[in-house]
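My questions all concern the structure below.
In order of appearance the chains are A, B, C, D and E, and numbering begins at 1 in each one.
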Amino acid sequence: MKSFEEILDFAIDNEQKAHDLYMDIAEMATRPGMRQTFLEFAAQEMQHRERLEAIKAGKLPELDQARVETLGLSEHLVDVPVEKDMDYQSALLFAMKAEQRAYDLYAGLAKATDDPNLVTLFEGLAQEELKHKLHFEREYDDVVLGDN
Amino acid sequence: MDEIIQRIRDNFGVLREHRQRDDLAEVWIEPRHVLPLLTWLKEHTPFVQLTHLSAVDWLEDGEFQLTYLLTDPVGRRSLMVAVRISREEATAESVHTLWAHAVTYEQEINEMFGIHFPGSPRQGVPFILEGWDDIPPMRRDFDTVEYMNRHHPSRPGREHTDPRRYIGQVVGEKGYLHD
Amino acid sequence: MTEQTALERRVQLWFGPQHPGITGNMAVQAWLEGDTLTSGVTHVGYLHRGFEKLMERRKFIQSFPIVCRICVPEPDTNEWLLAASIEELSGLDKEVPEKARWIRTLFLEMSRLSSMLMVLGGHVGAMGLGTAPNWLITLRDYILDRFEELTGARVYHMYVTYGGVRRDLPEGFAERLEANLQEIESKLPLVDNVIFDSAVFRKRAIGVGVVPEEWVDELGLTGPIVRAMGIARDTRTDYPYEKYGELDIEPMTTTGSDIFARAWMRRLEIAQSIDLIRQILAKMPTEGPYSAKLPNMLTWTIPAGETYVRAEASRGEMGYYVVTDGSDKIRRVHVRGPSYVHGVTLLERLMPGTNIADLSALMVSLQVCPPEIER
Amino acid sequence: MSLKYTIAPFSAWLQAVSKPFTVPVTGGPRPGAPRYRGWHINDVEKCIGCGTCSAICQNEAIDMVPVDDPVVGDSGLRPKIDYGRCCWCALCVDVCPSGSLGMSNEYVWADTDADVFRYIPGVDEKPWDDSELGWRREEGFELVDHDRVPMGMLDPDERTQTWAEVVIGYTEEQARVEASRCVDCGLCVAACPAHMHIPDYIGAIRDGDDARAVQIIYDNNAMPEMCGKVCTRRCESVCSIGVQGDPLAIRWLKRYATERFDNLAEVLQPQVERVGEGRTVAVIGGGPSGLTVAYYLAIRGFEVTVHEALPQVGGATFFGIPRYRFPMSSLEKQVDLLKSAGVKFVLNHRVDGDELTRMLAENDAVFMGVGLMKPMALRAPGEDLPGVIPALDMLREQNLGHEVDVGEKVVVVGGGNVAIDASRISRRLGAEVTIAYRRRVVDMPADDEEIEDAEAEGVEIVTQAIPLRVEATEDGKLDFVWGPAEMVQEEEGKRPRPKLIEGVENHLVVDRVIVAIGQGPDLDWLPTEISEKICNKWGYIEVDETGMTAVEGLYAGGDLVNDTADAISAIADGLRAVNGIVDKTRAQHV
Amino acid sequence: MASSKFPLAPPEHSRPHAPMGEGCFLGETERQQPLALKEALAKIKNWFRANSLWVMAYGTGCGSIELRPLTTARFDMERFGMAMRPTPRQSNVLIISGYLSVKSLKRVIRAYEQMPSPKWVVGLGSCTINGGMYWDSYNTINRLDLYVPVDLYIAGCMPRPEALLEGFGVLMEKIKAGEANGWNHYLEQMDWYKENQKKLITDWDLPDYNW
């Protein structure tokens, strides 16, 4: 991956994949209400994708480089497999982990490259994913861990 | 004090008695004993002063209570002599011959409660009120607010919202044991 | 000119209610022959508000702001009497803190002092002497300043409640009160000069309006009228209440039983009050609560009972006869003001033979306070 | 008359040269004393509109007028003072439960128009609004009673040895005294989800009429004895007396009244139209919401059948609340009342999807209140180890009378009431108990009193502890590993969130790890065509203002529907459904 | 009714039997004067009136307790041209110092009517506005303005001497501006006032108007 645009395309593609995954899970969800949950997750990924596209088109300022502080929730929770009868807790956990993985990817790429411009871009994307993760963490903290 | 009450008990009979403080006791006696007892107290005991004469309306019981507060100014103690009389055609014996200022008390009680003291000089003469055309105002069945509303209009433009009712209304407070 | 019959010489005169010489809003219906009254009748009711009726439909705490209005120049005795009688009937009297009792004593004595300053001023004012009232009423106003600081109001203090008083003494109160007392003391010799050493006052007061001693028991007279005959009777010492029992106090007396003697009684008692206030300030504890813990005053009920509580007002013995029936309201309260006897029966007895010009002086010397007659 | 008396008065002339008494005209009127009682001021932000000022005013000088929309804990009313009535006694200030009302030391106001002497302090602008001086509420002089009558409780040491009720209950005298503290403002009515007539029954208790109190209580709560023991008491949190003192013990008073009578059917004499004659209603789930629906519909002539999966109705109040808080006898009394009203019970029967479809067809209405039955999983490594158990299961087993073994040492994860219950039960089973909670004690959703009681019984609470994993030790015990957390204030006004401090691990070796981090809905059994219509994304059920779901005739309520998950909200949901069903029935009559 | 000497017609609603003849106090003599002169004269008149308020010494209620400090050295109202007069005939300010019992009201009406015009009524305290703390009493009126025209209210229970001085300041301004016309209103609306008075005072034994 060389150019700025290529990288953004790669990121956009990632978001699209995530969106498609959620759509697939929604399709097979059996638990009440869970289809809606995954459709919402998918819609969020679409928003992320649109945001990246807007950046690519120069309509938005560049990515925010400020470090995002997450709650560190997902790191110590178990992985959940994709199932047809996932509940809300599992869904959040899955989404958190997915965003974490995306972050890890960009962060790794940032380390692996020498071009300072690209480093900046990868790190920006990484922080973007952390933001998404924090969103799910907050939801998990409020809804699942309300009593804890 | 105990000795005096004992003598009242022996000579006149006491319906009920109560010691409120060391220097204040109350005895309830029968109406027919009022004048003899008060005369005896004034003439033969140190309870020479009539400090006040007051009426209480026990509407529920259909009775008035007259309370004579007698004071022994030297011994520094007081005795309340109470008597219950019927509210119907309420009449009591006048003690103005014993104490001149009882006239004023009896005049006032006559006006404010409608109790009649035959022989007392100023019965029926208005003391405090002027042009009064209702039942005597100190009677319990006289409703001062109702009278006020009829005679003394308030300034308009006020509206009170009772919080208790208002909240119930706003939140739709309901009962389910009745429709 | 033909000879007039006694009946024709007789004039009926309404003295009051609108008359500067009358003690408040009341009236005397007088019959005169020449300058001399042959008889007179006291008329009251111009100030009747029906306190006793109103209190029957107010909760205990709601009754307390209203009672001070029963006597305007000296409202505080009423506050204390209501509080004391309800405390006695409810059993709250055992919980009134020590400091509250001292503050109450101070409060009552300040009230007596301010009332007597005003009345002594009124006393000579009613005789047409203008200098002393100007001073005395101003001196009283200094006490009102202290009342304002202590209670938040000048005249109707509404300060003594069930269980104690409503606020503690403010910082530096004793010093400011002492300064006022010194101011009053420094002016008293001047007052003496223009009242008791005034030929006008002496001529009109000595030997006028003499109350015979036999009437004391017959009419139940109390207060300065009795003490002006030389009889040492004072509710504060006879039935010591609050902290009066712990003060060095002897009833003041003088002799003569005339207008002059009664004015002189007030002069003596002003000095006595100043002394008592100093004693109270010296003995008052500085620490401690000023009020007992009160139950919810909106729902407070007290057991059924009857009592009579008395206190020494500047005019004589004031008493409250209170009946409760176990509800949250007073069943019946009867306010026995000293003026009830002094202003009606005693005044009517003294009027025959009195010169019309002395009537004002006579009334004010009896310190008739009409609102406590009619309530 | 000697010469002295002629000359002496002339000494007054000497005063001509002394300093005059007269107050100068310049500079305006003298300021009032620091505690002068002048015109009113009111801190409208602090004011809760309880109207106590108006109630104590003997002159009826104070009107409460609406100035804002009511919210929980604030009626939106504010006092308006009529200075054609006021006597400046300041009782209103001294009684003010919120301490918002005061008086300035300003006292001058003259006008030719008699109608101007009225205003709402703090709302209508006045020159003295910012007055620093004047009469204020003072601590040490209260006209209301700030101190709650203390509730008798078993000694903490004694408690852990017994399953007897911890709370002893008020005596008659205590109840009367406590009830007399109420100022009848009604703020509690708004806060109570069921809008119980709280001031009214407290007034009846105060007046000594316990039967009337019970009638008022049952007027909109069919399980008040349960509420009298375990309610979450939103009412008490808004009690106007509670602003400066202890709130009224509303729960304990309700408990007192409801415990007074054994045969409730005799005391309660419902006067209702039997609109439901000939109609049938099925209730799925015998929890508070279902029982509420059952009772109030049954007295209206509906034929109600309650279907319950467990051998006993009561729902969470049966299986979720330990007996030392809510004894079986109390629950049975409530059930007896329902039976006497004609409610039928089908116990040990779990309804499935097909049956629900059938019920909808056969009944005029179906009410579903099956609660949150699925415990949230810890989702930490090691959660599948034997010995890591959900608190709900443990509570249920205990309440069903089954043997529960918790070993000697237990860690309970969570900070809600369930966590506290699990801890206290474990104490009674003889274990040493530690609660591990991710946040601070103030953040705990559990009742403050419950937390205190648990601590008194020897439960240790470790806060800001994030579970990392559970490991099995060699000697068959469990190693509960947790990391400390710091509290992060992310958004202003929201409760701070815990954030793990990386790199620190603490170990706690225990026999059982009891997980009480929350529970969620378990509606897998619903037919898809129904669940699709009625469930939202979190898996909860949505209803309209009549309590009905998107499926005609299917009503729902309780923890499944509301987001507060307490019994009184469930009862409120039940009442909403009762209204909905009755109104609909009435409409059909017409 | 209007004689040639008093060309001004009586105000509408005026009491038909109000004497309007010669020598009557009502006779605010209106001559045909140039307007400017008339206004100038009125201003001068009002200035004099405002600065010589003579207060009738009738303590009708509690509030009169604060009149004594006001009249004596400390607050000294004579500084402002105010003095207490013993009789209505010499006064032009009537202070109703608070509540009025029905019995007092009768005397107040009589005294008020005996006062020469121009005259002003000052109501002290809550009681004159809306009944004050005796609002529920059977014997006190709640609204003073039903019975006599009130030119100024001074709120307080009771108003302090300083508040009274401030209040009198307001009254003086109103008089100077020619806006304190309660006495005219009383004459104009005499029927209304008399009706209210008679409705309350059942044993009406007064003349209809006391000169």
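Please note the rule applied: contacts are C-beta pairs under 8 Å (C-beta built on N, C-alpha and C of every residue); 3 or more make two chains touch, one makes a residue touch a chain.
What you see is a predicted model, and the numbers here were worked out from it, not measured in a lab.
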### Query
Between chain C and chain E, which partner chains are common?
B, D
### Third chains touching both chain D and chain C
B, E
### Per Cα centroids, the chain farthest from chain B
A
### Query
Counting only C-alpha atoms to place each centre, which chain is farthest from chain E?
A
### Distance-to-centre winner among chains (Cα means, whole assembly as reference)
D
### Task
Could you give the separation in Å between the centres of chain A and chain D, each centre being the mean of its C-alpha atoms?
40
### Query
Which integer distance in Å separates the CA centroid of chain B from that of chain D?
48
### Centroid spacing, where centroids are CA-atom means, of chain A and chain E in whole angstrom
85
#### Entry: chain A-chain B separation of Cα centroids, rounded to whole Å
87
### Task
Going through chain B residue by residue, note those that touch at least 2 other chains and give them in order.
129-130, 137, 142, 144-145, 155
### Query
Of all residues in chain C, which are in touch with two or more distinct other chains?
45, 48, 50, 53-54, 57, 65-66, 134-135, 138, 156
## Note on the structure
Multi-chain touching residues of chain A, meaning two or more other chains, are none
#### Entry: Which pairs of chains touch, using the document's own definition
A-D, B-C, B-D, B-E, C-D, C-E, D-E
### List of chain B residues in touch with chain E within their complex
129-131, 133-134, 137, 142, 144-145, 147-148, 151-155
### Task
Under the touch definition given earlier, write down the residues of chain D that touch chain E in their complex.
20-23, 25, 29-30, 58-61, 82-88, 107-114, 117
### Query
For the complex, which residues does chain C have touching chain D?
58-59, 61-66, 131, 134-135, 138, 145, 148-149, 151-153, 156, 158, 164, 166-168, 170, 190, 193-194, 197-200, 202-203, 289-291, 293-301
### Summary
The answer for chain D against chain B in the complex is residues 49-51, 54, 60, 63-66, 70, 75, 77, 82, 84, 114-115, 118, 184-187, 189-190, 195, 197, 199, 215, 218-220, 268-273, 296, 299, 575, 578-579
### Task
In the complex, go through chain E and note every residue touching chain D.
73-76, 79, 123, 126, 128-133, 135-136, 143, 145, 150-157, 159-160, 162-163, 165-167, 170-171, 174, 179-180
